[in-house]
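Note that chain A is present in both complexes that follow, paired respectively with chain B and with chain C.
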Partner chain A sequence: MTTVSPTQASAEADGIDASARCPLGLLLAFGLFWLVAGGILAVLNLLQLQSPALLADCAWFSFGRLQAMQETAFIYGWAINAGVAAATWLLVRLSGEALRGANYLVVGTLFWNAALVLALVGIAGGYATSHAFFQLPDFVQPVLLVAYAVMAVPGILAWTGRRKEHTYATQWYAVAALFLLPWFFSVAQVMLNFLPVRGVLQAVVATWYAQNLFSLWLAPIALAALYYLLPKLTGRTLPNYDFAIYGFWSLLAFGTWMGGRQLIGGPVPAWIATIAITAAVMVLFHYIIAFLNLRSLFRLAGSSVLFLLMVGLAAYLVGGVVDAVFATRGLAKVTQFTYFQQAQQQLHLGAFSLVMFGTLYFMAPRLAGAAWPSITLLRAHFLAVLIGFGLLVASLATAGWIQGAALNDAAVTFATIGDKTRPWLQLAAVAQGVTLCGNALLALNFLRLFFTKPAADSVGRAVMEASAS
Partner chain B sequence: MSTPSPIDPRQEKSAQPDDAILAAHEKHAGAKTAPGHYHLLPLALLFIFSGLIFYAGTYLNRYSGHFSGKVFDERQLPTSGAAVAAKIDPLVLGKKQYNLACVTCHMPNGLGLPGVYPPLAESEWVLGSEERLISIVLHGLKGPVTVKGNVYGTAAMPAFGQVPGSGYNWNDEKIAAVLTYIRHEWGNNAGAIATERVTEIRNKAGARKEWTEAELLALP
Partner chain C sequence: MKNGPIFFFGLFFILALSWAGLVLGTNAQLGDLAPHYDELEGKAFPERAPGLAGQGLLVYRDLGCAACHTQQVRRPDFGADKARGWGERQSVARDYVHQSVPQLGTMRIGPDLADYGTRAAKNGATAASLLADLYNGRNGMPAYRFLFTERKVVGEPAANALVGGARAGYQLVPTPQAESLVAYLLSLKQTYEFAEARPYEPAADQKGAH
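Showing the complex of A and B:
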């Protein structure tokens, strides 16, 4: 197939991308909207940690609700919109056919995001559930489930209708993610809200759900993008690709068991935490394979997409090792229920976001049929998210460790702990602010990309023609 | 193909079409090793996976508490109900029993009521012979008794043990616990009383009425 001439390839891919332009552009636009909105909420939320009086009199934006809102906006707004867009685009590209069922995607997206607005208003109004990463009020949950199912249809159609029988790692990961979310989302809805299980079992189900969100959705989507973009941009075949399938199954098989780590020392039978700790160790096998397959990312320089992907992969791998190490009971004794856990979550979310940014920088110009309008905005966004991400994880981890060590010492008063962690939390707020600015620039660049006439930019046109496919 | 250069970040060039990616990896995945050649990596991965399984299996076996829903400390194994009950601290149980009944006459400070109820604190009866002490609580005591040099003429200690005519019917464990408690409290510092010792003395004495001081002093 290497004999395909550039013009042929470009013509073929142009048709495919044109078919996906509107629905995926819409998804990405919503994703970026929630990314910025969630960023604003997150900054406010972190500022409330410094000065508790901020917005304290306004019930709608009190600390707990704001925290739930920013988490929901980030996960269900940014991550799922962008993730579905990326997964669908990758599946459509690899199917070799134009996107089918675009209407499903548009309708699903509109309902998903309308329900999400309702969810945020509901959380602000006090209808949130009490489970982390699952604070969605119960009245929007079924709507979100159905909307997601509709949204995922074109991706599945692209997979079933692919030209080649043989499948590639990107397709496994993308299809698995598309299919798995409805499974654990519906189970969590029934077991936590509609026919709630009793007592402590709710905590077990809630941590299982949150872990699945990370291991069975965010991680597969990011890996799907990595497995596609690396050979796409370098032209090389991935090394040790034979083992990719073991990496895939070990993530699915072990990742889902890791949730109980959050319950170490909690009022649950000991085996639940023990099995989660073992799973966190077993899943290291997946990380080894991912590193083996994608390691050439660490050697490359020059391409900004590959640079973002490299940092994203590094964060992903570090996240896996940190999960395994800090799941051990001795260390969990310190980090449990502190900012350190937030740092771990931010590490995973950051890894996902960086990979998505890389995908976006590659995908959006092809969807829009034009090059990114501004290099300055692009570079500024890079710089801001990289600084913001590193600073956020480092400051939260430090704050968490200080907090955990101090909490375990009965002689240290609560006020002292507050004083000790404050400077680090201020740093975290700054980091969130920097990230927010960067993401706002990305959103601006994205809007300009889609709403300026591609033909007007002759340079962009030339670049596009030279590099399409 | 080498890394394209210079790269325009506004739209990065793709290096190969999608079909080529699929074809190249399909070929790669199905490739057979040439005869006579051997790859080390599959073996290494097998060892790594086995190592992880070994660690995970050992950890799971050791800290799962046999997957019992009743084990909350990962270092413990599930135990039956009787074994759990046996682990009750006698001082805690003894204090509870004391506050249920004994405290009415012997008072919270163990000093009794001068002239009416004899003290337990620093009492030679409490700190002395185990057999006499156990006997008093099992069957009760009637008649005058001398404690710390003072004579208490109308002592009427009821029977507490599981003996005929007892109004309390405390089992041997409770008797042992309350005795251990009073031998340990208010500055008293005598050894603990074992449940087995109470059982032994109860069986030896059989059915009988309250003890008198003279009968008690005859006991070892």
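Showing the complex of A and C:
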């Protein structure tokens, strides 16, 4: 990398980005669409908690179905579309070659998103599977699996066809995520829907799957982006990089065992929870290495991309510690079955989203070959998601703690619990609303960016560089 | 990391290991779990629920009831499940062997329903009163009116029609979904004392028992 002059490298990157413009632009547009759609559903869902009568007359939008819909739109709509776009872009850039197999990406994306529309309609119609983070109706699951496999092809091609034999942490994380999802996705499909296992084994498979989605997909994609963007933006090498490989394998090896935390005290063998608690502590080794490698983020300021990455990394690290601490049985006794667990999930999902936003701020203008049309809109989104994220996690965690403590006191009725948690849930609804507004502005800005004529001259590029940082 | 095949093998191995450990491990332990035949009572537990209740389970799943209700009672010294009257003992894997899609749930916005049938019998709740609760809503649970249809009374009113609520000359008739959902809820019982479900008692109590 040091042998190439900056202008040369930039010109080369331009060619690579241009090759990825259409397919990745499409992926990101779908991702932002689902982010906004899921946000609307999430706000409605939280409002139902304040006034249960809202939409209760309408079978399509009962609380349970709406929750399944918003979760599906967020994970399979936003996270997977944006994540595949980011992972493919990172792998293509690091391969040093133009994107190959763009048609796979386009076809896969179209099928994935068409199937997702069917999935949401199916959930509204009552075909959800009732497994958390795996609510997809069984009739779209095979389509989604094939569409994903097709979408992942260009990323894997960029890895196998890379110019340099030597690989970098970003590539490990991105390839691992792209490669592993079809495995655990297909296992969950078979064992939960097509040849369902018996009784409570279903819960074991479902928690195993959900944890893999977090530890083997969302986390690696976010880390891939962090490992690429930090040295790219600062021009400095990462400290303690030699340890990165241990951080990588420890995340995968321990993270995948953590799912049983959800089943503490449940009707499954106790060793499942015990292993999960142990794994949640062991995986801290990964978090320590991630912190050591990426710690310079906490000393930088000024650029909105870096700031988003910093908050995203902080949320990721805090999420890991919170998982380990609240996996212990004494604390799980309070937080289990409460909004606190939702706060924990939002911490992870938020960390992923913030890192993706930072990546998007940087990647989208380069893909489009133009500067962001409105810096004001970008700033508004930046502020909205940061405020919304912090407020959402804090309010859900508080509501959850109050709820958990009250549930463990048999003298407190459900009506009282409802009254006690209501103000915090109202705050959570406001937080989701703020986030939704910010995300709508980002989607608007993104559409304008891709419909502006690419600026080919060097002045345009200078503006673009400035707008990203 | 220059060796691609070894890298991919490593990824695959890690996932296969956790799958084998968690899923196959549990399957080896619980896969052939059978109902327990009680010779004194002359029947096996858990009892099979009637077919209508089996359909009700699917209605429960379709409507996403599990978003607010769990169906897993924790052991007496772990939380207040017993004190709240949700079950005399903890739920065990054997309780769910007949359920096609166990609805363990992850959230308690409403009460746990694992042993709801027992509780309903104790409190005198009947299918009719449960249907009325579904129509009117109760304790923060919204009214699910789409589970009922308003029909003109022709001749005698339907046997299962709700009392009141409808306009003059009309009656509120529960849909088959509502009927099966209620049958399912009333069939939920976790009372049989399986050997593995005996509550863990502190040492002092055990001494008294011996």
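Throughout what follows, the second predicted complex is superposed on the first by the 451 of 469 C-alpha atoms of A that agree within 3 Å, B and C clash if a C-alpha of one lies under 4 Å from a C-alpha of the other, contacts with A are read in each partner's own complex, and residues count from 1 in each chain.
As a working rule, a residue touches a chain if its C-beta (ideal position, glycine included) is under 8 Å from a C-beta of that chain, and two chains touch if they have at least 3 such contacts.
Predicted model only: the values in this text are computed from it and were never measured.
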| item | value |
| --- | --- |
| First, second, both or neither for A:166, with chain B first and chain C second | both |
| Chain B versus chain C as contact partner of A:243, first or second or both or neither | first |
| Which superposed partner A:375 touches (first chain B, second chain C, both, neither) | first |
| Partner chain in contact with A:269 - chain B first, chain C second, else both or neither | both |
| Partner chain in contact with A:277 - chain B first, chain C second, else both or neither | first |
| Intersection of the chain A residues that touch chain B with those that touch chain C | 166, 267-269, 275, 329 |
| Contact set on chain A toward chain C in their complex | 48-49, 52-53, 56-59, 62-68, 126-130, 132, 160, 165-167, 172, 175-176, 179-180, 183-184, 187, 191, 196-205, 208, 212, 216, 245, 249, 252-253, 256-257, 259-260, 262-263, 265-269, 272, 275, 329, 333, 336-338, 341-342, 403, 407-410, 414-415, 418 |
| Residues of chain A touching chain B in the complex | 1-2, 4, 9, 12-13, 93-94, 96, 164, 166, 168-169, 228, 231-238, 240-244, 246, 267-271, 273-275, 277-279, 281-282, 284-285, 288-289, 292, 300, 302-305, 329, 361-362, 365-366, 371-373, 375, 378-379, 460, 463-464, 466-469 |
| Residues of chain B that touch chain A when the two form their complex | 1, 3-5, 7-26, 28-29, 31, 41-42, 45, 48-49, 52-53, 55-56, 59-60, 63-65, 67-74, 76 |
| Chain C residues within the chain A interface of the complex | 1-2, 4, 7-8, 10-12, 14-15, 18-19, 21-23, 26-27, 29-31, 33, 61-68, 70, 72, 74-75, 78-80, 83-85, 90-93, 95-97, 99-111, 137, 139-146 |
